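Both complexes below contain chain A, partnered by chain B and then by chain C.
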Partner chain A sequence: MDPFLLEAIVNGILLGGVFALPVLGLNLVFGVVDVVWLCYAELVMVGMYCVWFLYTQAGWPLIAAFAACLPVVAGLGLLLHQLVVRPLLSSPPITQVLATGGVLFILQGGAMLIFGTDFRSLGVEMPPMEVGEIFVSGTKLIAFVAALVGAGLLWTFLKFTYVGTAIRAIARDREVMPLMGVDPRRIYLVASAIGGTLAGLAACLLVVQLDVHPFIGLSFGPITFMICVMGGLGNMLGGFLAAFLMGVIISTGGFWWNTEMSYVVAFACFIVVMFARPRGLFAR
Partner chain B sequence: MIRIAIALFVALAALPLLGLPDYFLHLGIATMLSALSFTGWALMGRFGLVSFGHGAFIGIAAYTMALLWNEVGLSPWLGVPAGVALAVAAAALLAYPCFRLRVVGHYFALVTLAAGEIVRILIIALRDHTGGSLGMTPRLAPDNSFAAMQFDKHGFWWLAVAAWGFGILVWWWIDRSMSAKALAAISEDEDAAASIGIRVTREKMMITLISAGLAALGGALGAQYRLYLNPESLAGIGISLQIVFGALAGGMYSMLGPTVGAAFTIALEETLRVSFGTAFIGAAPLVYGVLLVLFILFLPRGIVGWFERKRWAPRVGR
Partner chain C sequence: MLTNRRTLLAGAGALAAGRAFAQGTGAPIRIGLLHDLSGPFAGAGSVPLSVGAEIAIELFNERGGVDGRMVQAVAADSQSRAEVAINEAERLVSQERVDVIVGVYSSAHAVPLAQRMQAQGKILWINSAIASAVLKGKHFTHVFRPTVHSDQYGEGSIEFLAEHCERATRIAPTQFKLGIIYEDGPYGVGVATALEENARRVGMPVALKEGYSATAPDLSTLVTKLRRARPDAVLQVGYNPDITLFLRQAKAGGLRTRMLIGHGAGYSQIDRLTETFGAEIDHFCNVDPAATQMLDPSRLTPPARELQQTLLTRYHARTQSNDPPTHASMGFNNTWVFLEHVLKPAVREGGGSIDAMRRAALGVDIPVGGTIQGYGVKFNPPEHEMAGQNGRSVAVVMQFENARSKVVWPTPIAGGPPVMPLPAGSPFALR
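Let's look at the complex of A and B:
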């Protein structure tokens, strides 16, 4: 096989790992609360600014900045749920989506107001590693491993704890669970906090690879939604697999054409998948 | 409502005769063309068909028109209809499988969102022709300004009034047709509507194509008026959300709601631009977002919807 193609495929899988975390977060929130957070990528953006500020401006060690980023974005997720989503829980779904779209503008505008439109970089770079005949970026590899660990932790939490079981149950049947003694409002809060935490984790992994600027959400936000829908909204495993599929499509598309065309191909694939399997690739 | 609309149309058509300053005319033209796009969006939005991809149709129409003029020399008088036709064809290509396969609600919104992004990225990728992110300008033709559709503000004013009036007329015409009632039934329950003999896919297709066409017309004329095209402001998620916000703020359930929404958003943008300037870059989207959330929380039927409820509240029923 052409080593460049192989490299593109490996990079695509690594890219899929980065997509996987926000996809899991969005799917969790959608599956439990039944609301699409249109501003999810902007939550990641806030997390990236948080790490950047603490590391380069406040002089914190990188690990401490990462550790602080998670609760900050989780808190933001809680705030979003309490202030915007909760009053609209009984409104038509589209109103809820639009409201979170408004939050998208708020976060973007806020970031522009505070940090300006400059591209901010952490300035952390690891040398690429040579594996066989191909080169793999060290930061990407670490991000990929961290994404897998994050996904594993989430799975463990959902599978083996009481709250996790309640979350899965409420995603399965919203009407019956309250009768079984589970307070849905508490579960919504927990899911929103976890959704925010996953956005924060994604921010930590992205900020070492990309420069952060107020519009960065627009560059990976739409693709995240596409992946979620491709895997089936609310379907965690489907979304997880679709993230890697989309990563490989984009990366190999960049190998055959250029980066922009690869995104066009990825979006077109998404639309075709929607027509072939309207409930997602991995719908039961 | 149609009487208010006719009075507004006559007043708007007569307004330039008063010799108003160019700045006012500029705002008026921008408002009317946005109002046309917003009206187009609300035509389907009010029936629960919420599209986040109207930017795609606007982008296709505007760039088709500009490219036909720059590369082939086809007059925008033909280029605008050609662009709108292409946008409507794209809408058909997107909407037909969606409706046949019952892609609704969140899924429909996200599929249309993807369509908007495809058009935006395609425009950027085809930068040899479109100028990519830097945008493009239609070639100026000072000696042949009529064929090039390049008028001064007065000339364009009447074009904008006519286009806006056409959009309102379409709304009025649809409101009087059986289709409006069929679509209202569909938005409540598709299966029940189908069971009483409503052709669900056909009705939804019709409203979607008209909606895409009107939005595309507004966008193409707007690009021609400004003589500047940019992928960020004509396609993609940004413009699509702005359309939705404008229609929602004004009130997407009444004929003049989107027009009021356009006036409101443009007045807001201008106020923010003039008062903040470039000193507080980012303040505008911030205020915009806060207002959007507040509108959805407290005025879900928009400005016009709020007034209507006040006026008709004492009466029994509707």
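Let's look at the complex of A and C:
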């Protein structure tokens, strides 16, 4: 096998790891609360700024900055739910989407006012791994492993805890679960906090790979939504698998054709999937 | 430097409303300033471009404007989005009643803006957007661009390599392989096309030529393909953050080459690149018009020399920048050419009408050394294939060293030969 093709496939899998966490968070919130957080990528952006500020400006150790980022973005997720989503739970979906879209612009504008338009870099990197002719980015590899661990922890929580079971049950049937004694408002809060935490974790992984600026969400936000829909909106396992599939499609598409075409190929695959399985590739 | 949109718009507002009214005699002359003060282009050179333009207007007013009439800038933010640029230009023209818009960072914005301003009979004075496609074959009568165009970037880069590759690497130009990667907007496509055409002209093989979106979240596959193509020089045309993303992934992906050349935009933000990569960018080259501090002051005319010092002092006072990016020089220089050599005579001799400004622009005749960027100014007439383009603009090749840039091409004005190939200490150097 062409070692460069193999490298492209490995890169695609690692890229899938980058997409996986925001996809999981977005799907969790949608599956439970039934509202699309259009500003999800901007929550990740806030988390990236949080890490950058604590590490480079406040002089915190990187691990401490990461640890602080998670509750900050989780808190932001809670605030988003309480202040914006909860009052609109019974509103038409378009109202909810426009409201969270408004938050997107508020977060972008706020970041610009506070941090300006400059690109901020953490200046942290890991040495690459070299296996034969194949190079694998150490930073990406660690991000990939962290994404797998994060997904594993989420799965364990959802599978083996009472609250996790309630979350899954609410996601299955929003109408019946309150009759079983589950308080949906509490579950919505927990799901929003977990969604925020996953955005925070994604921020920790992305900030070591990309410069942060107020519009960084444009780089991965649209593709994150596409993956969610492709895997089945609200379907966490489907979204998780679709993230890796899309990563490999983009990477190998770029290898065989060119980088511009890789996204055309990815979108073409997305459209084909939507025709064949309108509820998503892995919808039950 | 912490420069945000609010500061910039407020600064421009102060320019407009402050001293101008207090000191002026007669109605102020309103001009529109259109830059990307937010969005990805803001951090890739548009903000220094706007700061340079503001300093030029501030200085012009301090020197009395046009016989006591001050220039009032009406600033607008095109937010790195073409549709916003068009809407803001429309607002400036129809609501703010300006006859001239100065600035414009992105070629993707300049292409539609030039068409619209021409159709409305207003003047568009382009300080930065360099794609040849903005003017080529259009025969515009109301659009002027004092700065260089993308064909000159291609010529500069390839001539530089052709001149030095055999001496420095013992590889003949006809064997010296190029990897050309570019953002897929008019700017990237324009420069990449010029690079390919010039490479063909000198017989230099192009091993890989590939575009990408400037907002792509990952360029590692492109790095893999470059490694497979094994180019002797990688030529990148990009903004930011695509440049930093590429360099970071190129380093992690084991890309090694003999030379890396950027072509303005993100590569001209040396402070930003140094902040991210430190000495790792040492000995990279960049093609752009010269930032004024790179030029030997003795080669400039005395008025240009004085302007050079004024810009450097004031830009440092505003931003604390050690090595002002080229865009600061472009913003100041090209705005100054408009104010001093077009607006002033147009107001004096033609009442400041659009037609008088157009005539004045076509009459500008500044010799080499007469501007702070070294080049002269003489605009091509409407019948020229590149009407409105400054026929005397010059791009130079500069090389980074210790967070500074020095000119290495054209040879007659170079400070010395380039360091080539990349030295062994560079993480991008061939081992």
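By definition in this document, the second predicted complex is superposed on the first by the 281 of 284 C-alpha atoms of A that agree within 3 Å, B and C clash if a C-alpha of one lies under 4 Å from a C-alpha of the other, contacts with A are read in each partner's own complex, and residues count from 1 in each chain.
The working rule: a contact is a pair of C-beta atoms (placed from the backbone, for glycine too) under 8 Å apart; a residue touches a chain by one contact, two chains touch by 3 or more.
This one's a predicted model, so the numbers in the text were calculated from it and none came from an experiment.
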Inset, instruction - With everything superposed onto chain A, say whether chain B and chain C fit together or clash. - result: clash
Inset, instruction - Once the structures are superposed on A, label A:Val84 by its partner contacts, choosing first (chain B), second (chain C), both or neither. - result: first
Inset, instruction - May I ask you to decide whether A:Trp37 touches chain B, chain C, both, or neither, giving the answer as first, second, both or neither? - result: neither
Inset, instruction - Scan A:Met112 for contacts with chain B and chain C and give back first, second, both or neither. - result: both
Inset, instruction - Report for A:Asn258: first if it touches chain B alone, second if chain C alone, otherwise both or neither. - result: both
Inset, instruction - Name the contact category of A:Pro92: first (chain B only), second (chain C only), both, or neither. - result: first
Inset, instruction - Figure out whether A:Leu104 sits in contact with chain B (first) or chain C (second), or with both, or with neither. - result: first
Legend entry - Which of chain B and chain C A:Phe144 touches, first, second, both or neither: neither
Inset, instruction - Mind working out whether A:Phe270 is in touch with chain B, chain C, both or neither, as first, second, both or neither? - result: first
Inset, instruction - Determine, under the contact definition given at the top, whether A:His213 touches first (chain B), second (chain C), both, or neither. - result: second
Legend entry - Single chain B stretch clashing with chain C - from 256-264, 274-282 or 310-318: 274-282
Inset, instruction - Jot down the residues of chain A that show up as touching in both complexes, chain B in one and chain C in the other. - result: 112-113, 116-117, 214, 218, 258, 260, 263
Legend entry - Complex contacts: residues of chain A adjacent to chain C: 4, 7-8, 11-12, 14-15, 18, 112-113, 115-119, 121, 123, 125, 128, 130, 135, 137-140, 209-211, 213-216, 218-220, 223, 250-252, 254-255, 258-260, 262-263
Legend entry - Touching residues (chain side chain C, partner chain A) in the complex: 1-6, 37-40, 42-43, 47, 80, 184, 210-213, 215-222, 224-225, 227-228, 240-241, 244-245, 248-249, 251-254, 272, 275-276
Inset, instruction - Report the residues of chain B in contact with chain A in the complex, numbered from low to high. - result: 48, 50, 94, 97-98, 101-103, 105-107, 109-111, 113-115, 117-118, 121-122, 124-125, 236-238, 241, 244-245, 248, 280-293, 296-297, 300
Inset, instruction - Can you check the complex and tell me which residues of chain A touch chain B? - result: 30, 36, 84, 87-88, 91-95, 97-99, 101-114, 116-117, 214, 218, 221-222, 225-226, 228-229, 233, 258, 260-261, 263-264, 267-268, 270-271, 274-275, 278
